[in-house]
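Here's the structure we're looking at; comments come further down.
Residue numbering begins at 1 within each chain, and the chains themselves are lettered A, B, C, D and E in the order written.
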């Protein structure tokens, strides 16, 4: 059924609604002028009465959809609005860079984990779960679910969906050959039990101090009624295999991944504010439309989301998306396009593009953190890198402010990777030690280590060879290479030779996993809720650039990697303790102790405090906060509840 | 003739087989595999990639098996079931992905080809007939300009020009309003409005070459005695020109068609990336970089097929056009 | 027609002129080609003398001058003694626009920086061994800003970087083509001279390579270059990749020439004279097509340069800190540059001029290549 | 057995060429390829133009239809073409004054003057059928429709002795042998029954037996059509067999002009004499040793001063021949000669 | 077939077949019988003419003798001044080296046969360098001598071929052929490309040289009047086969093969008073890849009988030294040039 809506001479709201319904059924053929401006008032009146989007109300009227009360849970989640109660309707246009740009999809429409991070990032609150209680030991977590909550296809959401997720996905060795760390504190996999239809319990063998935080980015449920047909444990194994063959997939695990893919499977029932109507694999754009069964309301009880439709044109080059934004074809976006380099241009284009900036505060420590491989397989380099004075000398030897001036046009502040001032664990020493530019002192320190200056201006190491190492940066991540080239220039002033080597991303990871690198560069980690990812403070993970091998040793219980020095081992032990601590005050104490050791050891150094970021938002696009924390864990800006964004008609 | 075509088709088999092996090797050449790409990507997003995720992915993509096994499986599926495998990155069968883009790619390439011809043909004739005239210098000069400016540079600048001075929505082949609209005249117009930028960019380099070929061919032919014979018959210059030398000069010109198409298709990659066209180029580039091996492999294989078919097409066209070749069989 | 020099007293000179002289005489008459040849030679001189010609070094950055626009060069300075030749530029007035995150530059008409010749600046090593701190041009006060072509995003002098880029870009074409030539002459020569089964096999291989789609092949091979290779090796790798594609064309040309020459009467005559195979090839055949090959080579260089820029653009070619034209263009590949710093596309102009000049030289050579054509 | 033909009458005059000059301006200087040539062609008679390569014979022939390659052009002279209509009227057109691509010139080409070239291989289009190339002329000049043109074309092919003409009408030229191709060329040139046929070295590229075929064919056709033939050749044997009148050219000028019998049996110009002495004869009565002409034909940029043949001539008049380029002196026995030895016998 | 001065070269059953390749897969598509079972002798000091129309195999025969190509079958017995005859057909490149000094070639195209990139000194002197080891002034002296011999000014030896006209170039080619004091010179259409006036000069030169240097010529030509002028004996070829071989006078005056008759009658005589009754042959020379059965000439022969289409006539001697390959040679009366 394809109906093209043209100018409507006489308007009654009933007629309008019918037409909108028809248009919605018709799918693509909407034309913007179909809704003349003077109908906006009618619409919002209709909304006040029905507390739901006109398009849905019409479907209800047609009997295609149950009434709102039957679609909402008994106790819908009430989402505060940033500024004002919104209006229904409109399309949010942004853009994906390539078809696999999943992060932006999650950040805009798909951040519906079991718990969710608060907009100020101070902790998680129940989200899909209605409530949570924890026993005193921190080993049992009981979640209440929302009675009457439904999947986007109208099927009820119950404890069975949680159980199904656990049994079909976590327990299954084919899709989860290794069980996720956050489900196995102390090493053994936790258990999930159904208490009743709307209550589930997660119990662990050890206290799980980080569980609720970690749930801020996990969905511990899956649509059992849909996915069980693709699971050999829950359906006829042969039938499932037939589907695998039919879809030309390599194996069942691939089918499982394919059917759970939120970017490409339009049939997948979801709990998001919008559900997929055109998959990303269609190459030109990805489209999502409002989920009629969405379970959140605004403070006045209106069903969210306000915006009807999300359209993500897929572009292959950032520049195209930049031009689109300048052209006013992007309603709200920061990812990809809002780089410091583009700011001047966006600034100039504000009027023409009818948009403004919102401020983005990065919740990360520093845009550039430089880790020497302290567990380097080469004994000579290792011995040099392990000298704290050497690291101090390197940190002192480059002019952070000059680099900030060049790269960030002065927006920044010399700083090491350390918790941000906004973080409860802010540590001044860690943040600012050795950030001054003092090549004399650097030279003195290097002289003190006995690294005499060679004839060609390069110091000689203990083995009499030049001190020379490679800096691995990822080619795609500008402006790292430029920064490191500048830094290397300074280091050569003090007699240390460093060569910037640009790597392809995957190669970088491979080298890192093999401990085969001298110095690696990455963004600093989480600077606020750092308990989750304290990679910069002790050898915590493969992302701890200064001690990947040490982290491996700790994670594998000593079977892999390299045994770290005592201080690092102490930090790791402290973190083990923290992981099973439930008391917040005690957690703070342990974390601070870890940080003090980090400050003393000076494992890694950085460049600057993050510059102030920005994003583009159209002037009629409302309820986006003036300042948004940029933080991957909370799928920023998803913590600001995109479902309550609205477009002023 | 039929036997000739059959023989050629048969000969394609080993060639394509070789191409498939080379394609596969090329994809395997870079260190790492798709998994490392995924891990790196997840990490880039700030996520910590835990072992469980890696292990899950490994099983899913079947990357743990030796290379020749992977190759045989891939080829086996192609030959037995026409199944090109699934793209790791898009999570969609490779076939669907490629076909969805090939249409526009071929359309763009054909449009470019037509454009190139429409320009190169008359200009080439003009430049040859009026050799060393002002016009000859002018047009060959323009041709050189097209040849000497890197495509991607032109693409970027033209895109900006389209945005800045024509206020055109850039990127892709349609305005946002028409992306998903059904085919209507308006949509066609919209597409044509977008098509000119890539067409011109892709066309410039090729046009220069073709003008030069046409001019040189025609100059050769114009010197041949049969032109004089035709003139001695009393034919008018234009008619004579078009019927005889141009027609003969056309042969080498035509023989480039089959080769031009694959060149255009693979050559449009860079321009398509810059202009964000939903053609095959960007897909291939990403597949190569992400080491999405079945996708990249199938793509290269497909381009190989097009190239080989293109050559065959060229030869057939040439045989059709030139009786000397036709009868030589 | 044989190239003739008009004046009859030159007749004897022509009579005893070698093919290279005849070629040169004919080439000289091709005005466009001659001009282009001069340009090409100049470009290579620039490449050779980069250290001396460039006012600065390519990595020297000036934090305060990011995206500084080009200065207008004034040639004459007004002094109390009237105008005298003294190139100079105005200084910059810099303002930081916080919200737009940029520096805004306006010429500071109060400040005049004189530009000198053979000024002393950053010490460099010419030809790798000649230590000097003299630069052809440069500001007389070493710290004065001089950005005749503007500055890039790091405040580096674009002119300097273009001059240094010339070296890599122009040599990558040469080296790539040289490698192609070696492969092409070797295989094409073997193919053409031996003929028979060997020829057959080599022809199949060439046919096969040509049926592999080029750009994916490039991209694949370039992507396969270990990215942790040192710049020099990457450079080498890229040339090898480029030449790997280029050799088939040359091999075909060489083979064709060999095949044609093999049955030429003068080759048969040499054969009947009892001249050995090697001597026939080197003395009779190679000189006969060398000029064609040189022309073909000249025409191939531009493609190599373009290919390098394309690969760099895709992020698969050379990377900083190597400075090549492709790298410079890659750095300019964004809307921001088009909109606000178009001078960074000056490199495109350099590419354009080089390619045009090489093309014309190639055309001229091709036309002059066979002075004996009847 | 010389074929006795009536001597030419003014009524039969087809073509008068007077003082024709064709120059090629080149970078190296101007080549005066034709430097003052006069001759006449009559109906039903054959004029042979003979000379060594570079003497300007082909250029002279081609300039009649203005087909000289660029940059050559007629700089001086007249080419008066007499068109005889059915009732005896005569229209005279100066072809030299027409523009090369003008309608008037085109209406004469192929219609009133046919032309056959040396290389049958390259003078026919390789990608069009024989029929296509013949019928084109018929359609163009006689306004015939395609079927008529086809019928006439096939008839003409049959007339020129092409076996299976209907079949070969649709053949491509590369399917035919050299002799057949030359027959096609002739058919094409004669299909509109032109008054004049210009044949530029029509048998040079052919084998001797084929040459004999083509020569016979031309003679036959001339007898049938009554056209004037202008035959360009370097072969004195062909001249002797074919010509009624002969023009001997040297360096762009007519050295000698006259009746064929006189040229062969009473040559006057030293060049003609030398030429005749230098050809080997099948005749065993001849002396065993050939005479030859000293030196070489000078290159076109270095024309000798005075008589162009002077430097090679055995009968040079010291002091005159190197200074004066002799004009054409009419001979009592008919014809003319450009040689100072005949100054005194001049009639006009 | 014995001459007074003895035999220099005996060609026995010489055949040269070229495979015809074509099409995409380079399939073998039969062969061109360029030279098919040809035998003849060349006597010391004579000039043997080899005539025929294009494609008849005369050039290939010459090239086989020079071993430019290796014949498919047959023997080429060369009789050195001293010692036993050698079969040139069986020798490899190294083995041919001494005989290649004694058998030399003059090419048809004076432009293609001289390397335009070398000065005359190199062109003429190369064989002297390679075979005689001459260098420096010795080489120059010899080249100067040779140039003088062919009527060129020795000071031109530093010029390049482009400085010479066609006739002069042909003299350079002759000088090269004579540089090593050869015994046999194969002149392949040596004067065909030259203009009349230059041609006679060159023919005279060749005759003078023959007398001076006791040369033997194999004179390949399509021009019967030239052949008549220079040759002692003439062999006529038709589609790869030798059809008639006789001394020049007898061949021209009393030809015994119908093809020879037609050939002679086709030659235009440079005398308008004897416009002859030409025998105009029907049809064209057949394709040597698909020659007619029996006598290759029978489809065009006006005397042909049924037998001619079935049986290939052998070359046989009919009168003293007159050989002919025709079944009817004894029965028919043919016209020579006088007829």
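We take it that contacts are C-beta pairs under 8 Å (C-beta built on N, C-alpha and C of every residue); 3 or more make two chains touch, one makes a residue touch a chain.
Predicted model, so just to flag it, every value in this text is computed and none were measured.
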Contacts common to chain A and chain B (chain labels): C
By mean Cα position, the chain sitting nearest the middle: B
Rounded Å distance, chain A centre to chain D centre (Cα mean): 92
Distance between the centres, which are taken as Cα means, of chain E and chain B, whole angstrom: 56
Rounded Å distance between chain A and chain C, as computed from the means of their C-alpha atoms: 46
Euclidean distance of C-alpha centroids - chain D vs chain E, Å: 33
Contacts with two or more other chains, residues of chain A listed in rising order: 319, 323, 326, 504, 507
Chain E: positions in contact with at least two other chains: none
Touching residues (chain side chain A, partner chain B) in the complex: 2, 27-29, 31-32, 93, 98-100, 103, 174-182, 247-251, 253-254, 256-258, 261, 263-264, 278, 280-285, 287, 311, 313-317, 319-321, 323-324, 326-327, 329, 364, 474, 477, 504-510, 523, 526, 533, 535, 541-543, 632-633
Chain C to chain B touching residues, read off their complex: 207-208, 211-217, 219-221, 223-224, 226, 302, 306, 309-310, 313-314, 329, 333-335, 338-339, 345, 348, 351-352, 355-356, 359-360
Touching residues on chain B, where the partner in the complex is chain D: 223-226, 228-237, 243-244, 247-248, 251, 321-324, 327
Sites on chain D touched by chain E in the complex: 1-3, 52-53, 163, 177-180, 207-213, 215-216, 234-241, 243, 260-261, 264-265, 274-276, 278-284, 288-293, 296-297, 299, 312
Complex interface listing, chain E residues touching chain C: 26, 66, 68, 97, 100-101, 104-105, 107-109, 111-119, 126-127, 130-131, 156, 158-163, 173, 176
